[in-house]
């Protein structure tokens, strides 16, 4: 099976610091690929490079075999690379529904058609509702996003990513801040989504990762120290000492 | 017969030129009061508008007077750009406009009109006089320095004309962006070029700073600084020692010692508890010109041609000395050479007698 | 030490806290549990003084401190690690820590810059980095370190382990345990209820702005029915 | 119902103005023309500040360029509206394109200052060189004409400006409710997320900037046609500042706020500096206007438009 | 231009740059660090200058004593001003500050006109600084200008130290990014800000007092320094004192040599500089983020 998103020797430096060091990763449809690693290992930086938020210092990113390393972030998003942020990045002044609708509208045709009302855009509304339902926020759709509780904002973060109908999902700690119930829902959602999406999951909740990841990559200080199926990672001595800690 | 005469005073009552606006108004009121508060039998009603010295708002402000208050006459203003907009509006509406200061050549040049007068000067005039004086003093090479704006350009051009006519040569024109007051760089240029004389055009705070900086740089000892009167008028108090001995030309001076001037000065000082200055004289003469025109038409301002004709023919008995107006309605007047002594611009002699602005571009 | 009595808090029109009573005795760890959006953070913000309750009282050492400004509360010995960290992005790591340093209410400086460094060695390598440039976890450490630098007698941790690697989380729980032994009271909100119950003396569960259960932590840990009913686990 | 009311209110105002037009004294109609032009100018800035979150302190440049283009383009024989209007808006838009393309790299206060810098450059071009008659400005010999519409006529002027205002307001209202406007609002609130969602943020901002520039050029065209003189002060930074003050005073984030702000600011100043209303205090209008503004800020956190929500039963938050 | 003149011009540039920094220093505190968009900065400068005018007859030769007295007065004034007009603005949209400070400008300007009048006034250079020293055969340089430069250097160092090296400075910067968090750490941000604001006002007034003997005092003098101060602070990078100093010097050079070489368009010089710097480095020369 061909990789939907492929990465070769991706590197990012911040001054002297090598935040991501020659990382190779392949994301396949039908698979949840978890990236775990110590704090500051470079996971978010990796997602930032994949989504185009920051430029790669070296290396190459391919979407369905086509090189997109220098493609603008917005363009990548329209090409199907969606992401969520580790730190909640919503539109606090807008309602929850509007948050998602706005995200969905990026893909709508003819953005300059100013005689069409934004509120009436049927496709975007549908996408927004679908995303909200998936993230379990339908009940809160009309609330102002800024007044949501922390956990609900995290849910919205994921919903906004889904609303853009991406093919590749880059999720940066989607479970952070969520309670037990919401965690369950999110895991169920990911399991359901993976059939049609390629998912990269950055997460520190190890129970969750080992439950749903099909493949795990472990990073430490910018470098990949191990890649493999959950079992092999769990038993990897290096990973245990560097990341999981002896329990 | 007719009702009150509505006089619109459009002058700066805020910002840098406030003091000038106040002096002009005082001068104007002084003469009106001397006439018993009436012109040609009509009582005066004043309407004041603060022009803020902002040309962008000039049309709106002058329209307040013309359209809202329906004034018969407008007196104003100090700032040339504002005066241009006023002249445009006055030309279109036909309202009588007397400019009591703004020196823009164009007001009595291309913008001239039968209903537009000036009681002050054109930028060209004092500058030209200074040019002649400098040439007569045997200076050969001069430099000019001014803010980069229309009034400065016009003044410098006038100086050049007078100076080069007398055989001198302006070797370089220096400019500072308006209203920047950092002059050191250009003073250094002057010191390096060593001209025989420097002609400077500044007013208000800029004039104070320039004259002080010029002295502080030690240049006043070696290179005489000339300028139109505005360089030292109303600023001597602030300039202090730095200005001592400077020569300037203007249509007014301290120590004229004519009966006309003395009585004006006493009256002004008693009434306003202030010493009059050239701006007060210009305001005063604006009132004189208006009175002459009004008397000629017996208070009926609709007789535009007669009104203008009377002023054109009149000899105006100004504290500065008598003057007439040219075809383009600018004063034809003596220019005095003055020297700073203490806190006064003392009369030295008459630099140019009966100097008339060429009124270039005026089709009257 | 700190008592909350009959607090009602509103955000605009929405009634968030509905008559909450909580007692936080000195040197005792209290765990605050509840699902998302039940009002845990609001309770903390109310007792810190960020939000003024519509009615009810907050008492510190018996004194009524309702409506006191947060800085006054902090100076009376309450350390706060907020949800979402609140790092100062324009200050370096070192400055973030130094600016908050103050002796405790007893005049002691048990927590010093060195001790924080020893606790979070990762920060040592990042001292001159701006707060903005840290990874999420690094920010979390910094936030805890910063609160400790104020030498509090009550430390409030609102989701302090969010985004931290398991190793660090373990470390933080160790630090919390440590703090507990030094007699600092703690109020802990965390999604890992097991850890919370293991590291606290008492537990309080909130639901829809009310305290629905308050008991010994051990007892609650031992009653799975209560847990699943209240927390959905 | 409420929606309908709020939508038809501006239209009703325009209609009333149109009906009253012929009955007004020259001064009143002149004053209203001035306020309407300022409203157009303010609305064009509202598109940037209120709708897109781009605070520009150089907006007067486009206004001034529009005005200069009108005067310089009309020549001695005068010109037609059909050429001068597109010329004015085009010149303003072209400069906005350049300025926007460069300055949109920066954000926040830096953006404020870069726009200021470009405006000052334009200012100095007109102030210090001869292209536009230098610091005293240039005047127009004959006002623009189109068929029987002669802007020299005060009624023609009045209705032309009213039409331009309605056009501007309508256009911006359309933009606001459209997807384009929603995107601008999103950019104002959270640019990062907009980019992540797939919006080419830079392009959107640039488009807004150019549209705002063109509309300011429209206001400039009108002011030049009305005054018949232009001078560099039209481009000066305090002019940019004043229009910014208007929209803040009126209340950011509402089209109505921009218009209300322009009206309120001009009226207030007119009122406080007119002897007939305030007597000798008129000499100190700066003082009274200053105090009034301070009072507004202290009492109306959301601008004048906020008064409505303040007195509505559950508005306060 | 020969080498001698060139060196003198460089001296002019540095000297002017330092003067600019002096005037902009207060703004660096209030705007750069506290983040308050303060259009009234020019008014504070003007108030200082007029204070020098009003106080100098009282203090006679005691110039330094006068400066100290003036600074204290200005600080008290700033403290009260913050309390009355700014304390409730921090939570609001930044643009509200624009409106408020604009109102203040109008009020100060008119009060000045009512209280002191509209004439241009000179302020005497203190006798022990009066006079010049020769510079080349024609030029001389006033001692007072050197004094002003020295004062500015001292100020720059002092300010840098306080803002970047002291806890006070850290707290202030922290407050600019997250007020609530600072409060939660036990710091009374309201008092702190009041003090810093007062310090900013005092600095502006100090600049005005030092500048007064050179520039004299006149209506509208505040407005003319306002923009250039913002330019300096922004080119330097908001919140950076070193940046502001470097920017001042840069502006000094551009202005000085602009006048000499591009007289026609020298007004644009600083703005071209600002545009280039910000397009090249969107966060200013030494700005973070």
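So that you can tell them apart, the chains are marked A, B, C, D and E in the order they are listed, and the count of residues begins at 1 in each.
Following the convention adopted for this analysis, a residue touches a chain if its C-beta (ideal position, glycine included) is under 8 Å from a C-beta of that chain, and two chains touch if they have at least 3 such contacts.
Chain-to-protein mapping (UniProt): A, C = ABC transporter ATP-binding protein; D, E = Branched-chain amino acid ABC transporter permease.
Note that the coordinates shown come from a computational prediction; the quantities given were computed from them, not determined experimentally.
Q: Please report the minimal path length, in steps, between chain C and chain E on the chain touch graph.
A: Step count on the best path from chain C to chain E: 1.
Q: How short can a chain-to-chain path be from chain A to chain D, counted in steps between touching chains?
A: Minimal hop count between chain A and chain D: 1.
Q: Can you tell me which chain lies farthest from chain D, using the average of the Cα atoms as each chain's centre?
A: C
Q: For the interfaces B-E and B-D, which has the higher count of C-beta pairs in contact?
A: B-E
Q: Of all the other chains, whose mean CA position lies farthest from chain E?
A: A
Q: How many Å are there between the centre of chain A and the centre of chain B, using C-alpha atoms for each centre?
A: Spacing between the chain centres: roughly 73 Å.
Q: Just how far, in Å, is the C-alpha centre of chain C from the one of chain A?
A: The answer is 29 Å.
Q: Distance-wise, how many Å sit between the C-alpha centres of chain A and chain E, to the nearest whole number?
A: Roughly 48 Å separates the two chain centres.
Q: Averaging over Cα atoms per chain, report the distance between chain C and chain D in Å.
A: Here the centre of chain D sits 50 Å away from the centre of chain C.
Q: Send over the residues of chain E in touch with two or more other chains.
A: In chain E, 109-110, 113, 264, 267-268 touch at least two other chains.
Q: Which residue numbers or ranges of chain C touch two or more of the other chains?
A: In chain C, 12 touch at least two other chains.
Q: Could you tell me which residues belong to chain B and also touch two or more other chains?
A: Correct list: 14, 148, 177-178.
Q: Applying the document's contact rule, which stretches of chain B touch chain D when the two form their complex?
A: 13-14, 47-50, 54-56, 58-60, 63-64, 67-68, 80-81, 84-85, 88, 92, 104, 106, 111, 148-151, 153, 177-178
Q: Quick check on the complex: what are the chain D residues that touch chain A?
A: It comes out as residues 171, 174-175, 177-183, 185-186, 189-190, 192-201, 207.
Q: Show which residues of chain B lie in contact with chain E when the two form their complex.
A: Interface residues on chain B, with respect to chain E: 14-16, 18-19, 22, 148, 173-182, 184-189, 191-192, 194, 204-205, 207-209, 212-213, 216-219, 222-223, 234-235, 237-240.
Q: Considering only the defined contacts, which chain D positions touch chain B in the complex?
A: It is residues 25-27, 30-31, 34, 124, 127-128, 134-137, 139, 226-229, 231-234, 236, 239, 273, 275, 282-283, 285-286 of chain D that touch chain B.
Q: Under the stated contact criterion, what part of chain C meets chain A in this complex?
A: Residue positions touching the partner: 11-12, 14, 35-38, 41, 83-84, 122, 126, 133-138, 140-141, 159, 162-170, 191, 193, 231-233.
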